[in-house]
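Think of it as A, B, C, D and E in the order they're written, each chain with its own count starting at 1.
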Amino acid sequence: MIGPNKQIRAARYGMTIDVDRCTGCGACMVACAVENNVPPAHAGATDRNGITWIRVYKIDNGLPYPETRSAFIPVMCQHCGNETPCVHVCPQQAVDVDPATGVVGEMPQRCLGCRYCMAACPYHARYFNWWDPAWPKGMEKTLNPDVTPRMRGVVEKCNFCHGRWHAAKQQAAAEGKPDTEPVQYLPACAEACPIKAIQFGDLNDPAGAPARAAQSGGSFRLLEKLHTDPKIYYRSKRDWVRASANAPHPFAGQHEAGKENHRG
Amino acid sequence: MTSTRRDLFKLAGGAAVGALFTPAPWRLVTDTALWSETWPGVPRPARGEIRAKYTNCSLCPAGCAVRARCVGEQPVALMGVLEHPFTHGALCPFGLAGHHLPYHPARIAQGPVKQAAAAIASALARCAANERIAVLDLRPGRTASWTYRRALAQWKNGTYLTPPRTLGGNLAVNLAAAKTVLSFGTPLLDGWGTPGNVIAAREGFRLIQAETVESRTAVMADQWLPIRPGSEPALARAIANVLGNQPLHDAALETGLTEAQIVAAARELADNGPALVLDARERPEILALNQLVGSLGHTIVMRREAPVPAEWKNAVAATELSAVPDGSVRVLLIDESAPGPYLPWSAVEKKLVAENPVVVAFAWSGEGYGRHAQFVLPTAVYPEMVDDIPAAVDSPAAMFRLSAALVPPPADVVNPAEFVAALAQISATNTLRERADAIHKSGRGTLFTYADAKSTALKDVKADGFWKALNEGGCWMDAVPERQEIPKLAFGPPAATLTADNLPLAVVMAEAPAGLGSPILSKMYQESNLRLAEDRVVLHPTVARECGVEDGGRAILEAGCGRLDVLVCEDPGSPQGVVQVAAGPRTLDLCGSSPRAKVVRA
Amino acid sequence: MLPWNYGFHLDAGHIVFLGAFYTVLVIVATTLVSAALRSRQDLRSRKLERIRWHSEFNDLPARDRACRHVLTGELESRECPHSFDCRECETHARLVEGHPVAAGEEEEIFGMSFPLDRLYHRGHTWVRPESDGTVTVGLDDLGSRLLGTPGQVALPPVGSQIEVNGTAFRVHKHGADVRVLSPVEGEVLEAGAPGAGWYLRVRPAASGEPAFRHLLRGAEVRPWLMRELERLQLTLTAEGAAPALADGGVPIADMSQAYPQADWDAVCGEMFLEG
Amino acid sequence: MRGIFPFAAGAAIMLVAGWAGFPRAIYKSRPQPVDFSHKVHADKAGQKCEDCHAFRPDGTFAGIPTLDKCAGCHAAVMGATVAEKNFVEQYVTPAREPQWAVYARQPENVFFSHIAHVKRAQLTCDTCHGDHGASDHLLPYQEDRVSGYSRNIWQTADRVKTTRAAMTMSACVECHRQQGLEHSCLDCHK
Amino acid sequence: MRRIPSPGSTKPERRTTVDRQLIPRGVKRCSTGKFLLWILPWAALLAFGLYSAGLCLVKGLNQTNMDNRFAFGLWIFLDLTVIALGAGAFFTGFLLYILKLKELRAVINSAVVIGLVCYTGAVCVLAVDVGQPLRAWFTFWYPNVHSMLTEVTFCISCYLTVLAIEYVPIVLKNRKLRQVPSFLVFEFELHKLVYVLAGVGTFLSFFHQGSLGGLYGVLRGRPFAFREGFAVWPSTFFLFILSAAAVGPSFILLTTWLVEKISRKNLVRPEVFGLLGRISGLLLAVYVLAKTVDTLIWINRTSPEIGFPAAQYYSWQPFGTWILFAEIVLFGLVPALILLAPQLRARTGWLVAAAAMACAGVALNRFVMTVQTLALPTLSFDRYLSYFPSWQETGTFLAVVAFGVLVYSFSFRYFQLFPSERELKFGAAAVRER
């Protein structure tokens, strides 16, 4: 990738998600699917091969009823900053990190569908088009023109609503603003979250909401130990929620081995 | 010259080598790769100018303000109107994808309109003196509801039926005033009332959620009281006893809570007022707690109805479904076009006459009462329909807002109100405008317009301007009178509790939208299991083992009114002795009136 | 992959990776091309026959590649490094210089006729110098008995060149297609016939002893023939001809008739040193 | 020499087919609905590109004007050309939008912002569109049968002679690289 | 040439079919009918497999049971296994042409065919396995040189080319084909240069076998597979090379033994079996040692350092520690010891059993690296899921097996795969005579 040699201020777009506010309503998932032209489930799709660029996991503290306490963790592409696991494995440069925005971008049209990046991603934030995308008859009229629908056989994932970024840049150009400053925009999930649990912005901007939230107490990132430097920060006051972000088995020993979250 | 096989090989070889030195193979290789981007099966989004249109979501009584992002005339995305003083820009997942509904595969486009009309006419002709023609309106209070009531007044036995409800009609909940909320299974943070308003008010009150399972609201509540299934009335009684300094008896045993928990909850209600008690099933004995904790006039208030034209006053009164004698309805028209609470079919069916009742459902899909009705007449669906949305349960002030059509409806849809009006031979073609004019004439309240996010006193707006604003995205909000009348709550007797015979599991209904949502909701229901789909049940692993079913396996849910094929999800966080089921029309029909069931291997 | 492709950067990774890739491609391509060029050159310089023989000689079992001096017992064990072309063999020259081959004593060996007036090739042909300086070429007695009365014989046209260990002529018999190796190098002058006792009359390319050094003669014939009969016996056993001929027995005139169930093609291939 | 003949013949046949026949066969040609003359509009009507091809307030490019824009002048026949007469009769009077084929229509996965190039980068129209604005006729729209891509965006006759498709990423990349504006795929792709 | 009919020939020539004429001279092959009977079930299997693969290509990969969690399934696992087993081709070539172990001439042709079959099959399955085969050339055109998969793609395709070129002399040596002079000469000249190809093949194989291991070793997001290493190569890179080299000869041994059993012929000398076994055992022992050291380093350092106690990987059933034991001891150390013990090696039963165990061990290793790696969740709240291949996946793979058997059967019938076969036949005849 060619670094920018024009004098621009690089952005590092990121999010802070307040887990203590998330009600798990699913608005982010739906808004994301609407925004990014993700088709509804094909007959036969399951939670294992359906596509949703952002998936809300229900996690719990591992205690038996009635001590069980749950929380919701929306997981999308974490836009890793450091040796991004997926970028280095792609055999044909279909994945890159934009130095100007920090967004890990994936080009479905370049993708060959080898799925190596999916094996590389510890967050399961990448989805493969097992089927031809199919919308019920007539519903293709509601597709967002700013995002191209993907064909089958390619991998796709969250790109912080790049269509919106393009639109915001274009708007900035129309307003005569210089292109040296990062544009302000909101991805669909952040906009749709009714309780505003998702804060989005430039993490390089210390005054920005996500940067401040990320600095505050109770902030954590998923699998920080792997040193992937994700740009999605989470917040929770609950210790067990923070613990679950990193440990492979946060509650091993509290209940029978092999217990898994069945409704995640 | 004779050619041999070897010459043929040579020719082919030469052709291959020659071809390699032309652009053809290389272009074809590139082109097929490009073709794989646009091959049939990948739709191309329409391009065009992007503009915003405004409307109000009519998918539930909340009526959230909506800004639609349109390409040309076609909405491609919906979002809330952030500046709206009441809905605050919040939109639930169903509302976010509402623009897909016209293309839902289950949509009905045509129906036997003439046959239905003829069947109704002939039924009316041979209607006995004690038999009724009734309209079941799932969302009362609309202008269409007034049309029904006016139309039904034309017949001797015309009866206007509504779902049973205590709050939401004349009684509204004022969450903004609440300091403590005790909720008995109400999905308060998951679609109850107006989500934007609830979220805005959430900081102001402490929420105690008494519910068997850890629902979405329970997760977010300040305190979750995991009570035994069906023990809500017992908990209410126990709290009443604490407040009345009576002994608790065996409440702790019955509810599965500790006495300390019950006492603490009661104390909190009493000491940290104004308090509010809500119940998902609006059981009178539970709502009566409000009287004890002094909510009336503070957190439960009287609400004026939006003004109506004077000439509409000649209308029948509303009757709750349960108040109608069994076997008395000859003709039943069910308006599902504005979704409301789904009443189990068994409760509706027993009101029909035994022989040859005529049941007509007005619906955009046949998934609700259409499964039971003789005639299903297609209606427009949001965002095609034009309808008004009365104030939601949590709005102390009356409201008037329109769900204006963003896309034109198909040609063959029926307007239920106009259909009924035509049967009764009254005029009902311009009722929304008439209502708007009546509101405008009252001069009360303010008009909030979405495009410019401005509030204007209604008296400063002209009648035409008001009508235009309502159609292009606006909301009228009544002024709240400073002095609240103290409402008199008429709480009925406790509902009879059902005993379990051979059905070992208590059914806990998970929240579900009324009616079908966009196909894209498969993200939540099917692909992520974030919410329970109608064909899934949740069991504790031990219970599943006892039932002989396994995670992800097929099973049959058996309840009082039949059986249903379901998929089993095991969840160690689910209580034992309970089966969690999504509250869809099918499951409600199955076990709505008797919340016990059993699960057997398919 | 190419510098003008999108995403190509001139960094260490690309240089090392693509450098290795192109090197491999070049090596493989060079190998292929040089093999093709060399074979073209071979065809042009009429090395076909020589290559065919080399290739077939290489495929012979080590036992069958034994040096003639091993057969006579002069050497313990030696594999022929010259594809039975003793004309270029220094070892042979040295040995022959020291101990010239003794003249043969008998014309009938194991009941077969091996006249002393001719030289024998290990592919069961003989060369008989004629008075006019030409030579005649024919099948030896064992060869004749193996083939019996040939079904079909394809002789080279008059005037064509044949070379040592190259194809002399082809014989079809009983499902066997036998390529008979040429014992001499030279121009075909006349074609004979099975009935005539000889098949080709050839003007040799060179004359004198060194030109025929590769052929067996005199006392060498007997040990060689003994070995050949052993081989024949083994071959017949292996190829399904049972019972084998008894020790000391005389091969009958047309052996293929005697062993109809034997894979005669394989037997002939083995005995005529063909792959 | 006879040995090489079949080989040479095969090679010759494919060379001719590949160089002469293939470029013709791969494209599907479609005439434009109206024989529009940019020249006439620029010269006689004295219009600039942006008079018809305008930007909307949100920065999007409106592209080919819709019929209302044309009908603003051509409500009735103004000139004497057959093309104009046909246009008025077939489109303006029955208020039917002409189905223009857009030479420069970008593939679905490309986000191209006109305003960023025109307003920010100060490129003139002819940098990419050539002298399209001075053309007298519209050339037929040529579409690659396999990929569905337009053959060129320049719409000038000399480009048609080349076999290489005009709409390639390399042309974009070349300029972006010079300008130091090449960051990632999603700069231009959507 | 002039043809002169023999005066004595009155009987018609014995008829020879084309099939007969193609079979090498002097070796015994079953009748055409019997051969067809053998071919038939494999051809049917191949047809079924091609149908399965066609379904996957036409309808898409939804025909498989793979999903977003098991993005790699049966195909990748078996591809890795098949490629490891096919390593016999490069390694035998290396031993024969570079290290001049002349005895291995007896199996080199067979090894080349096995290699070709394995690699062709693997590459074909990979072409079905990718979502957009039409774009497969992107990897060559726009390579990301930092990706192990790029290295694998380049090396495998190059090596497949090399194998195909190495296969050419075997084909051209066919009795009928070599009657064409240019074929004969080309075969001869190419065969003289085959050591170059063997060298290139060794280089390529070395790298792609390693890169296949590196494929998993570099996955930082999969602590189960992640390994430290040298420079850009994680330790799995070297372990894969070593294990492939170790089982390559074992697989050659196994297949040769199988062919001997099926064709009921002696094809190679027992010494060659012994030699193959010895080489395999030696390398296997080295591999087991290296693998043990690597596992210990991983358990005690690599994994805990990123916060994943290694024990927890084995708490997910059915992937208990037994799998580690089976992989290293049961199918690693045990066959290595058997192969290294001269007394045991001398007995065919032990030899073959040990070779089979070694092959099973490498298959298990590839299974662990593929399936277990993907099955274990990294995120604590992620689900642990299972996967079972669909019939289309199985069918596609069976096509590879059938294809392999068919190619090998035809090669065995018409080409000289075992140069010592004739010799051994005479040896047997001599024994019979005595």
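Note that a contact is a pair of C-beta atoms (placed from the backbone, for glycine too) under 8 Å apart; a residue touches a chain by one contact, two chains touch by 3 or more.
These numbers were taken from a predicted model, which means no experiment stands behind them.
Looking at B-D and A-E, which one has the bigger number of contacting C-beta pairs?
A-E
Work out the mean Cα position per chain and let me know which chain is farthest from chain B.
Result for max centroid distance from chain B is chain C.
Which chain has its C-alpha centre closest to the mean of all protein C-alpha atoms shown?
Smallest centre-to-centre distance to the global C-alpha mean: chain A.
What is the chain whose Cα centroid lies farthest from the Cα centroid of chain A?
C
Which integer distance in Å separates the CA centroid of chain B from that of chain C?
Result: the chain centres lie 96 Å from each other.
With chain centres defined as C-alpha means, what is the inter-centre distance between chain A and chain D in Å?
Centre-to-centre distance between chain A and chain D: 38 Å.
Where the CA atoms of chain B average out and where those of chain E average out, how many Å apart are those spots?
Computed value for the inter-centroid distance: 61 Å.
Identify all positions of chain C at which a residue touches two or more other chains, and write them in rising order.
6-7
Chain A: which residues touch two or more other chains?
Chain A, residues with two or more chain partners: 2, 46, 93-94, 109-110, 132, 147-149, 151-153, 262, 264.
What are the residues of chain E that contact at least two other chains?
132, 135, 138, 141-144, 146, 150
In the complex of these two chains, what residues of chain A are touching chain D?
By the definition above, chain A touches chain D via 1-6, 94, 96-101, 103, 105, 107-110, 146-149, 159, 162-163, 166-167, 169-176, 179.
In the complex, go through chain D and note every residue touching chain C.
Residues 169-170, 173.
What does chain B use to touch chain D in their complex?
Contact set of chain B toward chain D: 3, 7-8, 10-19, 21-25, 27-28, 30-32, 34-35, 37-38, 42, 44-45, 49-50.
Can you check the complex and tell me which residues of chain D touch chain B?
Interface residues on the chain D side: 3-4, 6-15, 17-19, 22-23, 26, 56, 58, 60, 62, 107-109, 144, 146-149, 163-164.
Once bound in the complex, which stretches of chain A touch chain B?
For this pair, the touching residues of chain A are 21, 23-27, 29-31, 33-35, 37-38, 40-41, 45-47, 50-52, 55-56, 58, 60, 64-66, 68-72, 109, 132-145, 147-153, 188, 191-192, 194-195, 255, 259, 262-264.
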